[in-house]
Each structure stands twice: as structure tokens, then as C-alpha cells.
Amino acid sequence: MFLTFLTFLPLIGAIFLAFIPKHEEDAIKQTALAIAVADFLLSLQLYADFDTTTAAMQFTMDVPWIEAWGISYHVGLDGISLLLYIMTTMLTAIAILASFGIKKHIKEFMMAMLALSTGMLGVFISLDFFLFYMFWEFQLIPMYLIIGVWGGQRRIYAAVKFFLYTAVGSLLMLVAIIWIYFHFHKTVGVFTTDIMLITQQINLDMLQQKWLFCAFFLAFAIKVPMFPFHTWLPDAHVEAPTAGSVILAGVLLKMGTYGFLRFNLPLFPLASVEFLPYVCGLAVIGIIYGALVAMMQEDLKKLVAYSSVSHLGFIVLGIFAFNHYGLQGALLQNLNHGITTGALFLLVGMIYDRRHTRLIAEFGGLAKVIPVFTVCFMIMTLSSIGLPGTNGFVGEFLILLGIFQNHMGFAIVATGGIIFAACYMLWMFQRVMFLEIKNPENEKLTDMTPRELCTIIPLIILVFWIGFYPKPFTKTFDASIQHLITQVTPKDHQGSQEPHASANTDVKLAQADAGSSGSH
Amino acid sequence: MSFVNLAFLVPLFPLIGSIINGFFGLKIGKDRVSWVACAGPVLSFVVTLILLVSIFFHPEGTPYPEQSLFTWISAGDFVVDFGLQIDPLSLVMMMVVTGVGSIIHIYSIGYMYKEYSYYRYFAYLNLFLFSMLLLVMGNNFLVMFIGWEGVGLCSYFLIGYYFEKKSACDAGVKAFIVNRIGDFAFLLAIFGIFKMFGTLDFSTVMAAAPTTLIYDSEAATLITLALFIGATGKSAQIPLYTWLPDAMEGPTPVSALIHAATMVTAGVYMVVRCSALFNMAPLTMMIIALVGGGTALFAATIGTCQYDIKRVLAYSTISQIGYMFLACGVGAYTAAIFHLVTHAFFKACLFLGAGSIIHGMNNEQDIRKMGGLKDHFPITYVTFVISTIAIAGIFPFSGFFSKDEILYHALMDGNVIYWGMGISGAFITAFYMFRLVFMTFHGPSHVDPQVHPHESPMAMTLPLIILAFLALIGGLLGIPLFHGWHLLHNFLAPVLAFDLETALHASERMLAEHGHHTSFAEVLHQAQRTSHNIWLEITLMLFSIGVALAGIATAWFFYIKKPELPGKLSKGQWGFDLVQNKYYIDELIDEALVKPIVKGSDLLWRQADARGVDGVVNGVAQTISLFSKIARSFQSGFVRNYAMFMVVGFIILLILI
Amino acid sequence: MELLIFYPLALVSVGLALGVVLNKNPIGSAVCLIGMMLGLAAVFVLLQAHFLAILQILIYAGAIMVLFMFVIMLLNLRDDDKIWKVRERNIWLSSLTGAMMVGVLYKIIDIIAGAEFNAPAKVPDEFGTVEMVGTALFTDFVLPFEVASILLLAAMVGSVVLAKSKVD
Amino acid sequence: MVPLTHYLILSATLFSIGVLGVLVRRNAIVVFMCIEIMLNAVNITLIAFDRYLNQHDGQIFSFMVICVAGAEVSVGLAIVIALFRNKPTVNLDELNLMKW
């Protein structure tokens, strides 16, 4: 019950915001911020109660929703989704704090942000295909509005492209879900869309797994932006307002990787192992391609967007390493990327608010004028490069270690990626921060205001905290990763799948234990 | 009583110093900044001394103490804790780093006093010391890697200290990226080691090396080769050395500390630390020796024709490190460390001397505009000459002992080619070092009038004196010939002990399991054949002194007796301007690597991304709108057309029935 | 024997129908249409559908054609000379339909030839009279009859509203 | 006795002439006439079958057809007059405003 309250708190807040009169700008901003921060603090309570020993779902709530079709409102958190959940609430709070500078329609903007937050949180907690798909589509709408209304010049094009691209991908996923729904009924005999139950009970032969894997893979590959499907990301980022970019980079991209972990791996283990070389190939191409293209960007936000394509290539590589180090590295890098790229977008947003331009050529020699900003930007650049001592390194090291164990070729090329990462980030940093001031406007830049500092400081603390002492974060993953590995590898060793003996047991029994296993 | 729990203090002091200076530098004023900055290294030096003393009481045979502060990364069975190790090897390095480090800190107070962002310089310098100490004291590969990249980062900051200058920024970025290429190979080596040994702790890996790695097996060679490439990245050897000469853009004390004494020797330290692994891979050892010798010779030749005082010293550093790798290549690890220590002393002294000249001649670096500065810079002149004699390798000075030991081992353990490279390198070194001395201090004064050179203040000359003294007596650490007098050898023996015998037998057993029986008997036999006869060593020593003196004589002849000769000689020579422009290596790399990548990625972005992938996406959108345009044309508004369609439809239906 | 009467009638009505289509002057085509209507009425008589023949003459030839003539006069249309300049754009369209028309005719003939319609049943002689059709109309088909009346009423109101000149 | 097929052929020819007239002619009034021809063609078949099957349904139906034709012509011509008022032409090619 607590989890549901937490997830829908922002939505309730958004509705409450509607009643505040339009011209009371400050009141709107304060309440929106208050709601977001409250949501974040309460979500910390989740971390406190989280029991790291079991891989089962926790804080679950299973209420039948549409009896006839077997759809139930089944929510819960486990190792994989807990920290993503808390990061979402944190980034939403920071994004709202960072968007105090928005001038037009501030009320609608705050409402869209809060609605978006609920959509995202819903995706991470939903354990029912129908519910998952509903939240998956729901969170597209506020994002579309944020890019479409408050964006840059080509915002309509970017917003439509973003929406269509993701929607098309998820349609295929819907087809797959429906197919599973009926296949499950045919083989096991009951209509249900409960993910946990289906993952335990369903048995698919290799061909079915392959097709379903591809369907889900496309939806998530577009979301992750893996190599061929990534062109919507730079446009969406360039046109989105700062807060939109932070949320887009920080959380929306993680849904793709979360999808792989929640659906592709456990549901279609044979296909995952089968498709491993192709996926890793795409991921590695993504890393090198993203890095190379990022090198040549003139627009700061586009550069950071392409760098996220490169970083997420790493994460997918880690996921498909199928061993403890790779998966742990991937999950940790999920967090790191959210923090680092979110911060980078905040910083870029700050200089955009002052100079109203994102072209690297316009800047130069800012280090002398705004020293505090330079230090923050430097820390974030280093974290993005993956310097030991920052969070980027721990994640990337574990991923590369993981993938090296079984696929040496991919590891070598991916490690090459970190050289390019250093190239484009440092070259960008030099052109923006160092050298002498060419443009007179740069002299008059004001340094970071206290509000802006409040958005950046928590992220910097997190960068060094994960960099030097990642234990409190990684211990929440261990149980779930162990569970995931058992799901993926043993079936692989037993060759073809032995028919589930439990298929004919009473399904109600299975449903009962799935529901009640989580301690409140 | 074990003082090992003091170990964490050594890196901690510079870290605290760097944080204080970094954040509160402007507020606490220059004097306090310099106090805080110097306190860090000096305190670390004191603690290192204590640890050094405590290591002597350490009982023989037992493993050296390690202090693990906290578990850093733990993923399943891969547990890495943030540990520091105190053993003779790391102590020697710590002594060098903190000792030379604190001297250079004191020196740079004087040198950098009039800089605006004074605090930023010291913050970076202290951070550098922190990372270097981490690199040296780490007890597993990962902590070493933190130091490894941290040191690369600080050198990026310090080279790019004058960030207004484009050349400085470019040099900084170039240094970081070339180091990063080295780190790429180092990372791969770490993954390989973890895959082979299952752990990254030095103690376990080095102990298990003979039994798990098969002698001269492909895995051993690959891992050690990757480690060596990492080392070349950091220590500026043949393939990845281009960043060091450009790194001279940074302030001179930085060059002294980073590009002479500490950072560039990190590669050597790493190779010596993993000596157990390298001993198992003779192919890599041969490569190391060849690269080392080659670099020594190659860099020395370039050094002869440089006109910037710091560039000459930079190339001489590359060449000297080449010697250290040559020593490692033939297995004489103690000789490499010995040369590392002595090199730290006299090279730091040379750089600081050059710094004081530049400081005195208000930032004039071109030696053609100097000359006859002997009387303007008395102390600098004396210390500079002492260090130059040391580097040339003349008898009582430290350089002679360490270089001669390397040459001796190169001949005995290696082969004549290595020795030949070494000795010709020594000759050229003596030549270009004394060319530098003669051109700056002796001969007619080409100093342009409004520059009036003056000796540097006490704060700068005192370090010079200390370093010169160390360069003088450094040789005592490793007196050859007499048994047991080689202090360093005895000190490092327990760490570098390696029993080839058992390693070969273990490899034979492992190969036997895989079914192909090879015997390493002749390898064993060849290793034990070299006897140690005194007379050969003495003759070698005399020969190398003679070579050094010949180098000095030729330099004297060229630059004092007939100053116009080099000018005339170099005019027409094709070879000369080839060497003058550093064999066009930089331009070659630019052309071969940098430009294609830049052009390729630009092509990748504009064509592949904007037109290719995006094209497909927009293409889909356009085709759909095309279809809708066609469909729209049917609605022509003419009633007759609609009738037509009706009739046509009706007729088709009729036909079909 | 009746064929002797049928063939000329059929030829006359087809010729007049062609006349309607090909005539340059609307008045001319209207007159041809009236002639065709009368020809058809004769055919209906031949089929012993006397009531309908009368209706045909009375309503079709009488009322509707008069309406046509009236509207042509009202709008005093010149003969549009461009009748034969068929727009070049859809020349191949009309030729296509022409070909199709021939195809359809052939198809119909082919079907009809196959069927055995030729021997019509013996029909009581007062078959098509008004009384017979009237009884059928008012017994089985009362509802359609009423619906037809409403339809006509609606058509009247509609045409009046449409055609009256805008007073306001 | 006149075989039924003759009537059907007659009706088919008249019908196709009507259709051709509709397609070819540009004058709205003539198009209406051609539609009348098509309707008459339909009536012939109805009555011919009626006569052949000895029932009265066909005739009733053609009676209905005549009613509808009457209504259709009146409304059609009213529309043509209305159209004529705002644009002095009856040529169908110029009346193409009704498009999407």
C-alpha cells in the first residue's frame, strides 16, 4: 500500500497544483518542489526497509483489477528496480528545482513533470503486463508535452519523432504480450497477465522464444537507444528544456535496460543466450559509434546525448555478460549514467540560461570567469570519462571485467571505447572552458546561484560516494542478480527445456505464494 | 611493533593539503597556501622514514604487512579492498616520491609566487602526490590503477595550468589521451590477470605466478605485453612517447616532479612490481629490452639537436627511462630501480636548474639566446654541472654506478646488441648534455640586452644544492664489485626473489597434463651459465668512463673550440633537419591517426547518422506522406470521376462473378 | 410475329437513346428522350403491362420531361459545342469504360444465352391491367405505397426550398 | 412470342448508353436525362421478368422506380437551378468545390 501511495503521490500533487491560480508562480514552484522532495524522502524509507537477502518481490500489493481477463494490480520492488525507483524520485526533485527558470506556463510544466514522475515510477514497480504497458505508454505523453511545448526551435519535430519512435516500438511489444497471454492460457489453462507467475510457469520452445525476444528487444532497444534506433535521442535532447533533458537522460533511457532485465532475460533465456553475440555486437558498435560521432558535435547537448548512446552501449554489454560482475556493473552504471548525464545536462542548461546558445564555438575561456561552475563541470566530465575514484569507473570496470570473462573480443573493443570517451569529453571541455575569452559576452557570465548549486551538490556527493564506497548501493543488487543468473544459465545447460512438471498443478496455489511472499 | 597502520597517513597528508588549497586557497592567502602545500609531502616523508626504519625490524621470510582500509568493490567472488602495502620496493619509491616531491614543493614556492591562481597549482601538485603514492603503495592492481589514472589526470591539469595558452591545453589533452591508450592496455591486462588468477592482490598473484602461468605460454606473453604497453604509455617509451616533449608546456617544477622523477617512472615501478609475471614471458622480456634500448638511442639522437632547454631534458628523460626498461628487459630489476633513484636525483636537479635559469631570464627557454651565464647564475651553474656529469656517467657520481650496472647486466644477461645500444646511447647522452651546458653557460653571451639575468632566491637554490648533493652521493646505494656492498640489492632481494627452477618444472608439469611434453632444460642451463667475474666488470667500467669522456670531448670541440662548426655542419645536412624536427614523428601520428579519426567521425556523423539512420527514419515518414498525397488526388471534385469509379467498380464486380 | 413489332420498337428506342447522348442541343436530347419514353411505353404494352405503359407515358413522358424542358428553358442553355472535345486527360479512361461496357454486354448475353428463358408461361389475358396491379398494390404493397407518398412529399418540399430565390 | 433475352439485351444496351451518356456529357441536365434512360432500362427488365414469371411484383417495383425517378429529377433540377444561381454554368467540370 505504501508503494502505491508513493507512486501516485506526484500525480495527486499534479492534480492539486491545478487548483492553484495561474499567476501565483512561486506558490506553484514551492508546492511542486515540496511534493517531489517529499516523494524522494519517503522513497528513502523504502531503501531502509529493503531486505537484501531475498530476491523475491518486496512491498508487494496484489489487488484483482479486471477479474474477467485475469488482470491484477500487482506491484512490487526487487533489487533491480529499487535503486532505479529512488533515483527517479531524486532526479524528479532535482529537475523540478532546476526548472524554476521556466517562464511560460509554469503551472502546466510542473503538472507535466509530476505526471511524468508517476508514469516512470509506475513502470518500475508494475509486475503485471497490462499495468506495465499502461504505465509505459502513459509516461510518453507528459514527456511529449514537455519537449513539444517548452522545447527549442525544432521542438515539434523532435517531440513527434520521439513519441512515434517509442510508440511504434512498444506496439510490437504489445503484440508479444498478447501472444504470451493466449499462449499461457493454452498451455497452463488460466488467463493471467501476472509477470511473476508467467515467468515461473511459462515454457516456450526455441523458435517462440526467438520471436518474442525480438519483439521485446525492439521496444527496449529503441528506448535504450541502441545503435540503429538512436537518432531520436539527439533531437529530443537538443530540443527538450533542461529539466526534460535531465529526466529523459536520467530515467527514460534506463527503462530500456530495466526492460531487458525484467523481461528479456528471465522470460526468454534460451533466446537471450542465442542472440548474445548480435546484441553485444550492436552494443559495441553503439559504444564506438556514439563516441566517434560525439567527437564531432558542435552542439553541447547533442554531444552529451551521443555520449549517453555510448554509455548505454556499455550497460547493455554488461547485462548480456550473464555473470555477476557484468550484471552488477550494468545495474551500477544504470545509476551512474543517470547521475552523471543528468548533472551534465543541468550544467549545460545553466550556461544555456545565461547565454541562450549551446554551440561550443560560442564559449571559450569560461574557467576564469566562472570558477565554481568549472569545478563542477570538471568533476562531471571526469565521471563521464570513467576516471577511477568516480562512479563511472566502478560501473565500467565491472562491466568490462564481466564481458571479458566469456567474450574477450567484445571486451577489447569496448575498452577501446574509453579512449574515445576521454577524447571527446576533454576536447569539448577544452573548447568550452579553457583558452582565452574570444566572445565578449562570456566575460559577463555570473557564477552558479545557490539554487543551481543545490541541484548539483547532491549529484557530486553521489559521484564520489559511489566512486569510493559503492557497497551500500551494490549490496541491494546481489540477491536479484543471483536469482537472474540462475534463471538464465541453468536452462541453457540442460539443453532443450524439460516440460514443466508443475504445469498441471493448481495455478491458484502458485499465484498465492507469488502474492504473499513479499514482506510488507 | 608494526607501524603499518600509519601507512594510510602517507597518501592522506597530500590529499588533505590538496583539498584545503583547492577549496579555500583564495581565502587563506598565498603564504598559508604554501605552508599547507609543503606540509603535506614533508609529513609524508617523515612517516615514510618511520616506515622505512620499521621495515628493517621486519622478520625475514614473513610476508610484508598490508593495511586494507575498506572493501572497495565486491561483486560476487570479485572482492577488491582499498589496501596499502609496505614492502621494500614500495618504500624505495615512496622515499623518492615524497623526498624529491617535498624538495620540489619548496622550490616551486619561489618559482610560482607571482602566479595569480597560486593555490590551484599547489592543489593539483598535492593531488598528484596523493595519486602517485596510491599508485606506489597500492596492494592490488585496482588501487594501483586509481593512482595510475589519477597521476595521468593531475599531469593533464598541471600541463594545462596556463589554460589560456592553446598549446598548453593541447599538450594536456594529448598527454591524457596517450596515457589513456596505455591505460587501455593496462585494463586489458588486469582483466586477463583476474581471469587467470581470480584475484588482483599483488601478493597472491606474484606468489601464484610460477604455478598458474605456463612458461612462455601465449596467455603469459599477452598479459605481460599488455602490461608493458600500459607502462610505455605512462613512461613515454617508443610508441607512446610523443606527449612528453609537449608536456614541457607546464611550469618547470611540474616537469621536474612529474616528467623526471615520479610519474614517468611509474611504468618502471609497475614492471618491477610484476617481475614474477614478466619472468614467465621471455618473449615480452626481449621486447622490453629492445624497446628500452631503442628508445634510449632514438631519444638521445633527437636530444642532440633541440634548442629548447626543457625539450633537451625531456628527450634525455625518455632516453634514461629507456635504460631502465633495458635493465628490466634483461632481468636486472634492481639495476632498473637503482637507475630510477639516481635519475630522479640528477634529472630533478637539472630541471630545477633549467627552471631557475628560465626564471632568471624572464621565461626565455631558447638556449641560442643564452650563453656565458656562468657568472650570472653561480649556484645554478655548479649544481647543473654536477648533475650533467652524473647523467653522463663519470666515475664518482651516481649516474656512473647505475648506468654501468645496467650496461654490465645488458651484456651479461642480455646480448651484445643491447650493450651496443646502451653504450652508444651513453656516448650521445654525454655529448648532448655537455652541448647544453656549453651553449648555456659558456661561450659568447647571446642574451638580448633588455633581459638582465639574475640568480634565483634562496628558496630555489637550496633545493638545487640538496639535489646536487644527492646526485653526488647517490652511487653509494649500489657499489658494485665488492660483495654485499650493494645496499639496494640486499634491500630489494626478498621482493624480487624469483626461482626460475621451480617455475620451469611447474610449467613442464602443466604442459604434460595437456599432452605435449617440452623440456625447459636448455633455458635453465642458459640462465645459470653467466658467472660473475670481476675483471670483465672492471674493464667494462673503464670502457664506459672512456666513452663518456669522449662524448664530453666532442661536445667541447664542437661548442667551445669551434662554435661555428655546428652551424656550418647542420646547414646542408639532410639528416640534421630530419633529427631537428624529431623525425617528424608528431606530424606522422597526426597524419596517420588523428586526422583519419577526426575525418572519419565527421563523415560518420554527417553521412551515416544524419543522412543514413536518420534518413531511414525520415524516409519512412516521407513515404507515408507520399501515399497519402496519391490517395488525395482521387478526390478530384468532379462528379464524373466519381461516377467513373462507380462504373469501373461495378464492371469489375460483374466480371469477377 | 410479335417480333416484327418488337424489333422496330427496340431499334427506335435505342436510336433515340443514342440521340439523347449524342445531341449537341439539350432541347434536342430532351425531345429524343421523350420519343424514347414513348417507344418504351409501346414495349410495355407488348409485355401486356398496360397500367405501367400508361404510367410511363403519363408521368415519365408527360411530367418529368416537361420539367426538363421547363428547366432548360429557364436556364436558356446554349448548345454546348464542346460535347465532342472530350477532355484529353481521361481519354483513355472513357475508352477503358467503353471496352468494359462491351465486356459486360458480352457477359450478359453469354449468361442469358445459357439460361432457358425463351418459353414464357401462358398468361391470363387481363394480366397487366390497372385493376390487377391496383389490387396487388393495395394489398401486399401498402407500406411501400405510403412510403413512396412521403418520399414524393419530401422531394416537393426540397425542390421548392432549393429552387426559390433568396428573398431575404 | 418475343423471347425474354431480347428484352434483356434491349435493357442492357439502353443501360450502357445511359452510363456512357453520364460519363461523357458535361451538361448537368443531359446527365440527368441519361440517368432517366438508365432507370427506364431497369424498368424494362422488371416488367419483362414480371411478364415471364406471371407475377405483379415487378410491376409494383417499377411503379416505385417511377416515383423515385420523379422525386429525383425534381430535386436534381432544383439543385442545378440553385447552383446556376451562384455560378452561371451547368458544365460539370467547373463545379468541383466539393472535394476534401
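Here the chain labels run A, B, C and D in written order, and each chain numbers its own residues starting at 1.
Operating definition for what follows: a contact is a pair of C-beta atoms (placed from the backbone, for glycine too) under 8 Å apart; a residue touches a chain by one contact, two chains touch by 3 or more.
Here the structure is a predicted model, which means the values were calculated and not measured.
Overall, the chain located most centrally, as judged by its C-alpha mean against the mean of all protein C-alpha atoms, is A. Using mean Cα coordinates as chain centres, the one most removed from chain C is B. Rounded to whole angstrom units, the spacing between the C-alpha centres of chain C and chain D is 6. Remark: chain A and chain C have CA centroids separated by 74 Å (rounded to whole angstrom).
The distance from the centre of chain A to the centre of chain B, with each centre set as the mean of the Cα atoms, comes to 39 Å.
Averaging C-alpha coordinates per chain places the centre of chain A 68 Å away from that of chain D.
Under the contact definition stated at the top, the residues of chain D that touch 2 or more other chains are 19, 23, 26, 93. Listed for chain B are residues 644, 647, each touching two or more other chains. Chain pairs that touch, as defined above: A-B, B-C, B-D, C-D. Listed in rising order, the residues of chain A touching chain B in the complex are 161, 165, 228, 230-232, 289, 292-293, 295-297, 323-325, 328-329, 365, 367-368, 382, 387-389, 393-394, 397-398, 400-401, 404-405, 411-412, 415-416, 418-419, 422-423, 426-427, 430, 433-436, 468-471, 474, 478, 481. Chain B meets chain D in the complex at residues 632, 635-640, 643-644, 647.
Chain B contributes residues 70-78, 82, 142, 145-146, 148-150, 153, 156, 160, 163-164, 166, 169-170, 172-173, 176-177, 180-181, 183-184, 187-188, 191-192, 194-195, 597-598, 600-602, 604-605, 608-609, 613-614, 617 to its touches with chain A in the complex.
Residues 1-10, 12-14, 16-21, 23-27, 29-30, 32-34, 36-37, 40, 43-44, 47-48, 50-54, 56-57, 59-60, 62-64, 66-75, 77-82, 84-85, 90-91, 93 of chain D are the ones touching chain C in the complex.
For chain C in complex with chain B, the touching residues are 90, 93, 96-97, 100-101, 103-104, 107.
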